[in-house]
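Below, chain A partners chain B and then partners chain C, in two separate complexes.
Up next is the complex of A and B:
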């Protein structure tokens, strides 16, 4: 019976880690969805916001302590988001959603190249208070950083949902997602809604990035953008314009990735590293069945 | 299409094309190996970029995975034409058959994307194509027997009947010895010219009209009797064929293929090439490809004489980084202010404007409806 218990614990650990990882993906995907709802742009620069936030957090916290560093990272990423909207996207002559999305890809290249250059071959430690400590309960071992990530993500997600439901900004976001022209006509300040959405999306990405760079990951490295890439499927999986979709999609991708990471060793040489792919495999499977994602609005068009 | 045909200024475009061709054919007689290498790289990417220009620019199918098709062509050619060694297996086919097989199999790969591509629109497709990039790079890294893993594998030299494109034999033409680079230059030039002409014909024909229409409005196109999924699939197949051809060329000139050449960055660079070239422009894709692929090589060569780079220490600005800044900046400026891209410069030189296709009832702008 001993091996059976071992199997169960291992699986539970994988799921728990997955939920925590998934909550981070949800956070990233949510920022993504907010930006998409407010401006109709698929933000390919999201991974650069995440990397910028984590990078600033790591460098500032080395000197001034973790909390100041975290604040600086979040502000930087939010500023980068607002900058992208206010300076780049707003003045683009090509206003089509596809054109603007590809434009955000350009921003991503510039920002990631610059941060990668600054990081070089180093791995920047985060100086986070929980470091590499782990938490044990009934034979299950989970890093404290993962618990913290889950708690913070849950708090942020709840906070956002409250904002979204009960404030004027939330109302404005809902209206502008429903119909941009009507929203502008009834007096929604579209410009302000746009850039605040970009800033909030950036801030969320920075927080998620900080946790993704923490234990068990070694620290801030350029490859952090790969984790951000796995949040794209999370957003698309749930439906690009759906907030519950982002939450469910993030959790699904997180759990799938964590479970695969636990068992990929049994898949032979081809399996190792498969956890990095599973997000996209899940995405393909879902999109084949539901092209607008799980909760996305079905597009009805008139010609 | 009752729009009157625009008169071309007779001869100017043709004269320019012929002039460029003559210069290109004469080049290997005069320049050294470095410039041949730059030109060959540019040609390989130009062939691939033409395919992406058709897929993204003409058909409106956003793809962030074009380097996958290049990689598929390069690796399949090496696998089909290479010999088995201790590390990697190869089928040892004759090189011409291997090149053909690589292109055909990659076209099949393009067709395999169609269940997904047919169901997705615009941005969703862009994200799904990211998946292809990651899956492909996983395959290239882990299928060691076929790909040689992270270290890559050797590429067999090309032989077409009596023509040997390796360094084993040297042709002497007009007292100039033709080594591998010079021979491949001629081959690349022929392939590029052929690829360009075929692309022009495809885009100008009925099929091209259908692709344009699908870009401007899928539903409108369907209502006009265009089988949208079939044209989407054909856009992918065309892109795959061009990508694979470019990939085989790139493999031949480097002699060794590694996974990094065909990752996410490479795919993004290809997209930058077609955007800088002017989205939807076949002729613009070529200068776009030349610019993006040649820039890092040129900067690396001139590294000593350019300030800012070539330092040592933590924050060096390497040639790769500097050129990325330059072409990414140009990419942003192109989308923001000059969506015509380099195509407009070509048009100025040639003296014609690119005829804008107007779809009856639709907007002339790009992606007016979808996305």
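Up next is the complex of A and C:
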């Protein structure tokens, strides 16, 4: 009977880690969705916001302590988001959503290249208070960093949903997303809604980046952008413009990745590294079978 | 005088849609703007609410003022804050928000929670059916209720000028007349209303003055009784609708 219990705890560990990882993907995807709803732009610079936040968190926390570092990282990423909207996208001659999305891709290339140059071959440690400690209960072993990630992400996501639903800022965002002309007619300050959305998206990406760089990951390195990219399939799975979709999509991708990572050893030679692929398998499947995602607005067009 | 448009010319690219139009609307007055489809009525309203640019249009000449606000130069937020509200064609309520959320959207440019709550109460007393449906989805309202919601949303910003684009569109005659009566009531309380209508009979029944737009120009102005004989409007190329109704 012993191996059976082991099987159960192993599965529970995989799911718990997946929920925690997924909550981080949800945070990233939510920022992505907020920017998309407020401005119609697919923000391909999102992974650079995440990397910038994590990089500043690591460098500042080395000197001034973790909390100051984290604050600096979040502020930097928020500023980078606001900067992208206020200084780059706002002055683009091409105002089409496609043109602006491509511009954000350019921002991403520039920012990631610069941060990669600064990091070089190093892996920057985070100096986070939980470091590599683990919790054990009922035979399940989970890193404390994952528990902290889940708690912070859950608090942020809940707080954000409340803001979105019950504040004027949230209403302005929902009206802008639904009908830009009506938003103008009722006097929504569209410029302010845009750049605050970019800043909030950046801040959430920075927080998620900090946790993604923490244990069991070794620290901040350029490959962190790969994790940020997983949030894109999460957002597509949820439906790109749906807030609950971003939450569910993030969790689903996180759990799928974690469960695959736990069992990929059983898949033979084919399996090693399958956990890095699974998000994109989901992305392909969603785009082929259900392009509007789980909760997205159906695009109806007349021919 | 509340709203004054002088020699306004509007272009979409090289196409001139509004040509040297001058209009005035006073406090407590309804000016009905009549004319065929495509003569530029909606364009004129967009020019006044700073939403022309979203449709690729541009005010090429002339002026438009409301109180001290230069409507052609101000942005949409400043226009709303100056006290001008525009109820767009097709109502454009946001279907997946609740009735109350749609209404509160109209107050996004207003500061002060107490002021907004008082305003909402006023609008619920003007349109009691909206109060009954406050928590329901706006998309589930009937056409007439949606039009009431669109007007209510515009009134949330406490305007002194109301631009109404085709409020009777797609409504049963009885409902359209109810809406018209409400508009008359709002105007009698001091609002200046610029009413664009295809339904000339309803427009003539509530308006204080009438302007007829043809080919981007004002081709006739007068009192509703001057146009009571349907042939007058028909001659002004207002088309079949006026003739049918005569």
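Throughout what follows, the second predicted complex is superposed on the first by the 301 of 303 C-alpha atoms of A that agree within 3 Å, B and C clash if a C-alpha of one lies under 4 Å from a C-alpha of the other, contacts with A are read in each partner's own complex, and residues count from 1 in each chain.
FYI, contacts are C-beta pairs under 8 Å (C-beta built on N, C-alpha and C of every residue); 3 or more make two chains touch, one makes a residue touch a chain.
Computed from a predicted structure; not experimentally measured.
In the superposition on chain A, no contact is made by A:79 with either chain B or chain C. Touch criterion not met for A:161: it reaches neither chain B nor chain C.
By the touch criterion defined above, A:174 lies against chain C but remains apart from chain B after alignment on the C-alpha atoms of chain A. By the touch criterion stated above, A:189 is placed in contact with chain C alone, chain B being left untouched. By the document's definition of touching, neither partner reaches A:140: not chain B, not chain C. In the superposition on chain A, contact of A:152 is made with neither chain B nor chain C. Once chain A of one complex is fitted onto chain A of the other, the partner contacts of A:276 are limited to chain B, with no touch recorded for chain C. For chain A, the partner with contacts to more residues, out of chain B and chain C, is B. Of all residues in chain A, only 168, 171-172, 174-175, 178-182, 184-190 touch chain C in the complex they form.
Within the complex, the chain B residues that touch chain A are 60, 62, 64, 115-116, 119-124, 126-128, 130-131, 134-135, 138, 141-144, 217, 219-220, 223, 264, 268, 271-272, 275, 314-318, 321, 324-325, 328-329, 331-332, 335-339, 365-371.
By the touch rule above, chain C contacts chain A in their complex via residues 49-51, 54, 76-77, 79-81, 85-86, 88, 92, 94, 96-97, 101, 104-109, 153-154, 156-157.
Interface residues of chain A, counted against chain B in their complex, comprise 42, 44, 88, 91-94, 96-99, 101-103, 105-107, 109-110, 113-114, 116-118, 120, 229, 232-233, 236, 240, 269-270, 272-274, 276-277, 280-281, 283-284, 287-288, 291-293, 299, 301, 303.
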